[in-house]
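Let me give you the structure first, and then I'll get to my questions.
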Amino acid sequence: MRNQLGETMSRQSTLGRIACAVAVLCTPTAAFAQASKIDAADTAWMMAASGLVLLMTIPGLALFYCGMVRKKNVLATMAQSVVCTGLCSILWFAFGYSLSFVGDGPWLGTFAHAFMRGTSVESTSAFAPTIPEVLFMFYQMTFAIITVALVAGSVADRMRFSAFFWFAAGWLVFVYVPIAHWVWGGGFLAKAGVLDFAGGTVVHLNAGVAGLVAAYVIGKRYGYGHENFSPYDLSMAVIGTGLLWVGWFGFNGGSALSAGSRAAFAIVTTHLAASMGALTWMFLEWWTRGKPSVLGMISGAVAGLGTITPASGFVLPWHGLIIGLIAGAMCFWACTWLKLRLGYDDSLDVFGVHGIGGATGTLLTGVFAVAALSAGPDAPGGSPGLIEGNARQALIQLYGIIATLLWSGVVTFIWLKVVGFLVPLRVSQQNEIEGLDLTQHGEALQ
Amino acid sequence: MRNQLGETMSRQSTLGRIACAVAVLCTPTAAFAQASKIDAADTAWMMAASGLVLLMTIPGLALFYCGMVRKKNVLATMAQSVVCTGLCSILWFAFGYSLSFVGDGPWLGTFAHAFMRGTSVESTSAFAPTIPEVLFMFYQMTFAIITVALVAGSVADRMRFSAFFWFAAGWLVFVYVPIAHWVWGGGFLAKAGVLDFAGGTVVHLNAGVAGLVAAYVIGKRYGYGHENFSPYDLSMAVIGTGLLWVGWFGFNGGSALSAGSRAAFAIVTTHLAASMGALTWMFLEWWTRGKPSVLGMISGAVAGLGTITPASGFVLPWHGLIIGLIAGAMCFWACTWLKLRLGYDDSLDVFGVHGIGGATGTLLTGVFAVAALSAGPDAPGGSPGLIEGNARQALIQLYGIIATLLWSGVVTFIWLKVVGFLVPLRVSQQNEIEGLDLTQHGEALQ
Amino acid sequence: MRNQLGETMSRQSTLGRIACAVAVLCTPTAAFAQASKIDAADTAWMMAASGLVLLMTIPGLALFYCGMVRKKNVLATMAQSVVCTGLCSILWFAFGYSLSFVGDGPWLGTFAHAFMRGTSVESTSAFAPTIPEVLFMFYQMTFAIITVALVAGSVADRMRFSAFFWFAAGWLVFVYVPIAHWVWGGGFLAKAGVLDFAGGTVVHLNAGVAGLVAAYVIGKRYGYGHENFSPYDLSMAVIGTGLLWVGWFGFNGGSALSAGSRAAFAIVTTHLAASMGALTWMFLEWWTRGKPSVLGMISGAVAGLGTITPASGFVLPWHGLIIGLIAGAMCFWACTWLKLRLGYDDSLDVFGVHGIGGATGTLLTGVFAVAALSAGPDAPGGSPGLIEGNARQALIQLYGIIATLLWSGVVTFIWLKVVGFLVPLRVSQQNEIEGLDLTQHGEALQ
Amino acid sequence: MKLVIAVIKPFKLDEVRDALVAVGVHGMTASEVKGYGRQKGHTEIYRGAEYAVNFLPKIRIEVAVASDRVDKVIEAITTAAKTGQIGDGKIFVVPIEQAVRIRTGETDVDAL
Amino acid sequence: MKLVIAVIKPFKLDEVRDALVAVGVHGMTASEVKGYGRQKGHTEIYRGAEYAVNFLPKIRIEVAVASDRVDKVIEAITTAAKTGQIGDGKIFVVPIEQAVRIRTGETDVDAL
Amino acid sequence: MKLVIAVIKPFKLDEVRDALVAVGVHGMTASEVKGYGRQKGHTEIYRGAEYAVNFLPKIRIEVAVASDRVDKVIEAITTAAKTGQIGDGKIFVVPIEQAVRIRTGETDVDAL
């Protein structure tokens, strides 16, 4: 019947199509009366998980980021997270979800469920058969939001708000949506067998690479290198980290898409990686700089969280400790050594933490994956990793990393050029000195 | 048996009655052993939802509000949210709940479940048959708390703390409790068929109107109009907005009182309205004032959230976009034009955002309501709205709006006069200049 | 089979043992396919509850505490909560959990489940038969974290970070783990019948006593008594309180370990105690000092929350009001009178609020316990308290209090001396004046 | 030239600025300070601890003016800043030997 | 009359105030400043970036006193503010030509 | 001795300090101030309310120097702080009659 609908509608205006959504939705008059394969417990958990993931962006990421910038840019930094939430939610609902998760083409999905048309209160997605499809759409929406918001960190303190707005819109559509389809929506990377439980490639590597490219394209902040850029209020960054940390349980635990052991294992593995990441960065800093900073601890925690993300549902809790250790070390090295060598100005280390972390985690997933965790009725064998003798998995993971890296890097670059052609990407030096809060938003912290 | 008890107790002191609660509660010795119609999944979701709604007040609303006042009044503004939480919780448990949700008189409920007497671990309310009644009482408690706390925003910066304390107590009892009973507790508005899923009339319009009246009665802040009242720290308001936004999933999603599709639909619809509200306000401000402010974005988000509240469980996700758009525009107009015309000083725009939003949303519920969403075993037909050909619903909604507006306006006015007779409503001008933190609470931000 | 494993492994290195965990885990190839006694709804609730309890520490407690110190020590205070999270999580997973909850010796558990070895995705703990054991381990982990983090409050502003790190590690192992086993893990206090639903002895009294001892051992802050130590930013403490309050629903409600009436009752009882505690402290302060401070309200709320903790699952909601009243009064007295008399400098009143509250609540549990609430298949009789005629329970509670008080006091003292022998417990006076943020962590609020 | 230093109550700043502009002074530098004097402070209570706060928030204004306009300026400030209650503040006049406008290098009165 | 300007270490403020009150000075104006001098600062590290902070927090006190009491005041401040370590601060004395109490209009010494 | 008071644009502080050090001045005291002058401010909009902000953030530097070095100091500050745009700020020179180093009690030029 959905096909029929598709045909009958192909000749109609979008609004007409939307109208149809209602039609379709209304056919089963007493919807809730009918028996449904929707599970209440899974639904309860996924609603909570969706809330947790949104909490990661507003206020989590907004706090984490704004706590690291200078006073004059605090509100502008928050504005980026807020506007991403509003903008990406609408685009995702409009067609982003459908293009990512509906239709199994190798490159992209279809518009079949644009505006959730053709779905009813009974509908479920093949990817999450026990919860309402609208909830699955929403859960995935919160991932899209935070990925775009993450990128903003690299251009903080200097990108023009209007330019960011356009950048965010296009980046979601041209970069995030395709990659989400490739890895999670049944695209060619999924078919190739790439393992990414909650977003090592789709979210973190993707955002990290885009951040790096954006930092290069937009250039260094005025005064970078000699002026004192110390954060205005790190306590905000710590609060943000707490919310990110807890929210991540919804991010990784929710990616099990049901309320069972796998979700619980993912949460515990995630928590241990974050803990180990925090201590690792702390000790490395203590050892190399003489003092363990709070910024270091929270950076390590976020590094651990980002790195364990793709692995969380495929590896055991104690693997989380090992991955967290590697994450803390790799990201510490990237932020304190690599960054200086390469000489780019990624304001809030989106690449150093999420890019490096995402890639590392995706690779390690291929190393530590434990088949038993991913085994299920439809995949009795599960997905073993290198340690369980399946060396090929590591290569497949590498394949996924490279594909993501290339697409994200190239398309981000192109899209930035396009946007830069329409509106200057960067504020005037005068405005940069005055601060973005006042010049972009006409308000300021007192 | 509950009736028997009622009789035997009618001659006893409250404390005696409380004692009875125990008695009753203990009759089923091994309570938890018995079979129970309480559903674990619904209970899990409603416990989470209750937590989310409380999170909206402390710290959500406390942050949202205190971020918009001047430094000298930050703590006093937070104090209002904190004291509302403590005070209203006790009054609600004592008799507020029973008067609102127990007994189906047209005007008011009864004292039957005062202090939850006459209930056991098995008890459920007819309004939420699958969760413990004590949990339903608690969930509703969090609504009562935030409604009273919302009103505080209009008199921020100048109301005497002691006066606010008395105002809050009486307002809960004389204004909130009756209206909650009328609309949700089987009162005359419920019987008339007014649709209010999560509080367009009971919570937002109610708080907005009370705020407007209070602003008029208490008068403008010293220096209003010429002095610079810019907010001390909008970043707090942004954090608060994030918590309000996520908490609202418990507010609207929880109003389904079970963990199913309807809750999921309500959450998604709510989120889309908030997103659209934020962008609408942002663009209107950008267009009319030249700059998109962060305060504008979050005001629009809250406007969208408040406006979608009554509709969230009756309309489709994409309706959320339309309602969010209207919400952003209406509230922007109310806060930037209407307010100046009418010349009242509603410090934090309780009326402009919640009053206007609540009324708009309640009306639009009657326009967009989709029968299929509210259809269920007990109401196979569901509740259609104007678009589905049931024009009458719009009128019924109007009826609900007017009833709420009148009762809230008149009784708030009377109660303020009564309180003002006992203790001055307003602090001395001297104290207002020094700030409420120091003069009302003897503490201050450093 | 687990025993077999135990034997075969006893001769192997820890790492070897860890490896075995995998082995064991993998035996059931298609783990998730098999039928399981794990309940989805309970799992959903306990995952949410675990998140809520972690939220209490980061950022809840971090905010509550850092809001009460001086600007120069804000980050250092947060650092203590963050490092506790990382450190205690790893130790708990490594062997803390196993020593506390696995094996029923009177004094201590065993290493059987170190690193969760010997457990599978199917495993459950006898203490929580309907959720994955790994989730139970994690839930308990969040309790261990916050208990250690609580202690930090008494030595804020002056303890050397490195010393705190060592202190925290040892304190968890030597103080928390044994007491957790005694009361919750089937140890001698459990066998004696001590009732402690969510941590009156294990968490609050324990942390409070340790805090008192630490305050004495480390000594008063430089300038204590004559210099102005007013808090830098109480708004942070209020935010923290909101998160603690809501998180406590996971703390006490989660201690039911399932999503049913008992969890709901515990949450409501907890909330009422917090509300009453807040109002009680507020009125006492208003009456004795002339002004109701926000710090007073939140202190009262936390006092109520800490005090109701052991009772929450054993008493009725209205008992929460009484216990909250007593809590507010006792802790107010302890912080404003007792403290001055005894002349110790417990920076953030860990003893005055949590020590006194924990002891009071544990005792009152023995007074108000209602058998019907704890009655279940395995304990048809339930646990009655003094009011229900079981005076003995009050004595048993006293026994639990004394045992906790002695062990915590003595071992904390010894461990502090040991740590002090390895590294000075306190920073130099010079550093104390400059502030811990700069001198311990090399960063500061701008 | 003279440097007129005035310490006033914070909420009087706008009025003082307007008064100065009215007498033709188009520049000034203000800063937040804490003042100790006859005006009694308040006590803050934090749980067990009570602190007497004697330094009260004030605004310090610095105005450089030609010597012949000092009296007009003093009068303007006095009238604008006065509430008649203790704590209104003080005005001190200090000699300026040289003044320079950084942008142009102009000196003395031209620099103002 | 003279304006005594002292730059001291923040934690010495209370002692200095008491010392001044002891010698009969009942008013002063304090402000938070950042001082650069012999006293070496510290470095702050934020991930990859290291910043040398040379401006250290100090408190600047302004006290207007009758000329004949300047020495007593200087001595009081010196003794109270001294720790003997680098960074104790400075005292500068500047002439005041006029002083006014805004509340009463009193001038010169009466204004203090 | 003279007290050189300069009001400059905040982001120029480091350059000015370096310039002063270059001419052998090894101490100074800086504070955050708000300046009113020719440089026009901005308006902030909060929902319905618009506020014109005319006091702009500036940094005020105080440098005590021996009389004979005043010109060198003024020149150093001027060159370092100049952007050529309105709002660069001012320099005022005030006489110092006495100076003391609290730590040592040294006076006059030795105190600097």
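The letters A, B, C, D, E and F name the chains in turn, as written, and every chain counts its residues from 1.
Here is the rule we go by: a residue touches a chain if its C-beta (ideal position, glycine included) is under 8 Å from a C-beta of that chain, and two chains touch if they have at least 3 such contacts.
Note that this is a predicted model, so its numbers are computed, not measured.
Traced through touching neighbours, the fewest hops from chain A to chain D number 2. The greater number of contacting C-beta pairs, out of the two interfaces C-D and D-F, is seen for D-F. Looking at which positions face the partner, chain E and chain F present mostly different ones, since fewer than half of the interface numbers are shared. Rounded to whole angstrom, the centroid-to-centroid distance between chain C and chain E, based on C-alpha atoms, equals 47 Å.
With each centre defined as the average position of its C-alpha atoms, the distance from chain B to chain F rounds to 53 Å.
Shared interface positions of chain A, defined as residues touching 2 or more other chains, are 39-41, 44-45, 48, 228, 230-231, 239, 289, 291, 293, 295, 442-444.
Within chain D, the positions touching two or more other chains are listed as 31, 44-46, 94-95.
Pairs of chains in mutual contact: A-B, A-C, A-E, A-F, B-C, B-D, B-F, C-D, C-E, D-E, D-F, E-F. Taken in their complex, chain E has these residues touching chain F: 2, 5-8, 31-38, 54-55, 58, 60, 70, 74, 77-78, 81-95. Across the interface of their complex, chain A is touched by residues 18, 21-22, 25-26, 28-33, 36, 38-41, 43-45, 47-48, 50-51, 54-55, 57-60, 62-63, 66, 74-76, 78-79, 82-83, 85-87, 89-90, 93, 115-116, 121-122, 131-132, 134-135, 137-138, 141, 161, 236, 239, 440-446 of chain C.
Residues 68, 228-231, 285, 289, 291, 293, 295-296, 299, 335-337, 339-340, 349, 352 of chain B are the ones touching chain F in the complex.
Interface residues of chain E facing chain A in the complex, by the touch rule stated above, are 44-49, 51, 53. The touching residues of chain C, when paired with chain B in their complex, are 39-42, 44-45, 48, 52, 70-71, 230-235, 238-239, 241-243, 245-246, 249-250, 253, 258-265, 267-268, 271-272, 274-276, 278-279, 282, 289-295, 297-298, 301, 316-318, 321, 370-373, 375-377, 380, 382.
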